[in-house]
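If you scroll down you'll find the structure; I have some questions about it.
Read from first to last, the chains carry the letters A, B, C and D; within each, the first residue is number 1.
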Amino acid sequence: MSFHTSKNNGVVVVDVDGQLIVGNRQELKQKVLDELEGGERKFLIDFSNTGYIDSSGLGVLVSLSKKIREQGGELRLANLNEDLRTLFELTKLDTLFNIADTREAALTGF
Amino acid sequence: MAKPDIGGAPPEQSVFVLELPSDPRVIEGAVGYLSDRLRAYDFDGSRLTLNFRVGMAEVLANAMIYGNGSDPDKRVRVEVELSRDAVSVQVQDEGTGFDPGHVPDPTLPENLDLCGGRGIFLIRTLMDEVRYNDAGNCVRLVLRRDESRRRASGE
Amino acid sequence: MAKPDIGGAPPEQSVFVLELPSDPRVIEGAVGYLSDRLRAYDFDGSRLTLNFRVGMAEVLANAMIYGNGSDPDKRVRVEVELSRDAVSVQVQDEGTGFDPGHVPDPTLPENLDLCGGRGIFLIRTLMDEVRYNDAGNCVRLVLRRDESRRRASGE
Amino acid sequence: MSFHTSKNNGVVVVDVDGQLIVGNRQELKQKVLDELEGGERKFLIDFSNTGYIDSSGLGVLVSLSKKIREQGGELRLANLNEDLRTLFELTKLDTLFNIADTREAALTGF
């Protein structure tokens, strides 16, 4: 698993490669919190290359979303495959996040 | 050449045991290994990639972190019975257990933005059978290969 | 809070067993776990990060791939005895073994650009003691915490 | 473990994050061979963020080096930490590779 961060028109885009699970979620959390600390407010996590997410991975997303909102920012998600969609629906987290089909859709009007 | 023949169909049933350290770093490899075993028994699609992988990762994480308290001296024992119909996994930790009956529903509006509390819910939602022993330090999971029920989906 | 106290010194000796699947994906996690255990017994520096990690990764890979022929039905059994003086690891596979006496020296000029053949050489070079059983499907390694010998280096 | 590829003045630079071992070396091999196939001839592997390398990781480096040389190209290595230096010395592979202390040194005069 690894993360790639890039900047796109003022949006911090994080690609998650591999699994987002208990063994590595802290890395993602730290990366995003560092950017938030550094003044960034718009975040997009792209799951195109993500395998599976466990409950602690979901927990990190919830926690980041809260912290970003507290600073007046926003976290969006994009490119969830069918499994990940189902996971968000089962946990009702699809109601908590702004989930876009594509990266472009997420970036539009951010 | 020296490799054993892995092309043929697997036997009717496989039974095997793993003894894993209480270290989350081995979860991904272990789940990857188990998923490949299931694939050889014709498990596929979201039953494999979602239900099995996520359910299994949750159960192992709970056994390692809560059950064994991440104590490096404690191990997690995984017993697997695998056939073309179903996989049954028993996961035993060396902890004192807990009461799995008393777990709040993470999908209630007031719990939705909590960071934790989705593990056991996901195990129960994704697996076909989930049975904890009385102590709560051993759980037996069953996942059938065919989605015979639940999860009313598009197809 | 519910976590066990991990601040104190570990006991004089730890003895434990792992049963790993024959899957290279678990090697990294297992070596990471074992390294942390050694760290708790004051192993550090290149003894830990080079000698132990590489030697251990090699031994596990050989057991899984050659010993067990990557057969998912076969397991690798790892028995560890760990103290502040040394770590002793016994790695047993379910294969038929080999003759570890007959391994070409990969550092000879004519072997230098071969892709393989460095595993057993590295195990022998990095570990303080390496003893295969007669069959060759079980190896016992010892690594002492203090570099008492070999590898004449700068310090 | 993951790889990042970038291009620097006609040199393909590959960063290896994490361990280069039997479980993942194929990915590195494929990545470099794809670039070679695509016409690239100068390669630099940067080990700044590499943990350990096992014998099959070394084997992939040897094999890539050969294949690149066969196409008239060159593979250089940079930023080996003390452990990795020792590993190359023990196996005498330090005599087979062009090993630079830093990325800059490796890129100079490539």
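By definition in this document, a contact is a pair of C-beta atoms (placed from the backbone, for glycine too) under 8 Å apart; a residue touches a chain by one contact, two chains touch by 3 or more.
What you see is a predicted model; the values in this text were computed from it and never measured.
Q: Spell out the chains that contact subunit A while also contacting subunit C.
A: For subunit A paired with subunit C, the chains in contact with each are B, D, in label order.
Q: Among the chains, which one keeps its Cα centre farthest from the Cα centre of subunit D?
A: Farthest by centroid: B.
Q: Return the distance between the CA-based centres of subunit B and subunit D, expressed in whole Å.
A: Inter-chain centre distance comes to 38 Å.
Q: Please work out the Cα centroid separation of subunit A and subunit D, and write it as a whole number of Å.
A: Centre separation, subunit A to subunit D: 32 Å.
Q: Rounded to a whole Å, what is the gap between the Cα centroids of subunit C and subunit D?
A: 25
Q: With centres defined as the mean C-alpha position, give me the subunit B-subunit C separation in Å.
A: 29
Q: Which subunit A residues sit where two or more other chains touch them?
A: In subunit A, the residues touching two or more other chains are 1, 18, 23.
Q: Got the subunit B residues that touch at least 2 other chains?
A: Touching at least two other chains: 25, 27-29.
Q: Which of line, ring, star, complete or other matches the graph of chains that touch?
A: Topology of the interface graph: a ring, with each chain touching two neighbours.
Q: Throw together a list of every chain pair that touches.
A: According to the stated criterion, the contacting chain pairs are A-B, A-D, B-C, C-D.
Q: For the complex, give me every residue of subunit A touching subunit B.
A: For subunit A paired with subunit B, touching residues are 1, 18-19, 21-23, 51-56, 58-60, 62-63, 65-66, 82-83, 86-87, 90-93, 95-96.
Q: Along subunit C, where are the residues that touch subunit B in the complex?
A: 2-4, 6, 14, 16-21, 23, 25-30, 32-34, 36-37, 40, 66, 69-73, 75
Q: Considering the complex alone, what residue numbers of subunit A touch subunit D?
A: Counting only subunit A, the residues touching subunit D are 1-2, 4, 17-18.
Q: Looking at the complex, which residues from subunit B come into contact with subunit A?
A: 24-25, 27-28, 46, 49-50, 53-54, 57-58, 61, 65, 106-107, 112-119, 121-122, 125-126, 151, 153
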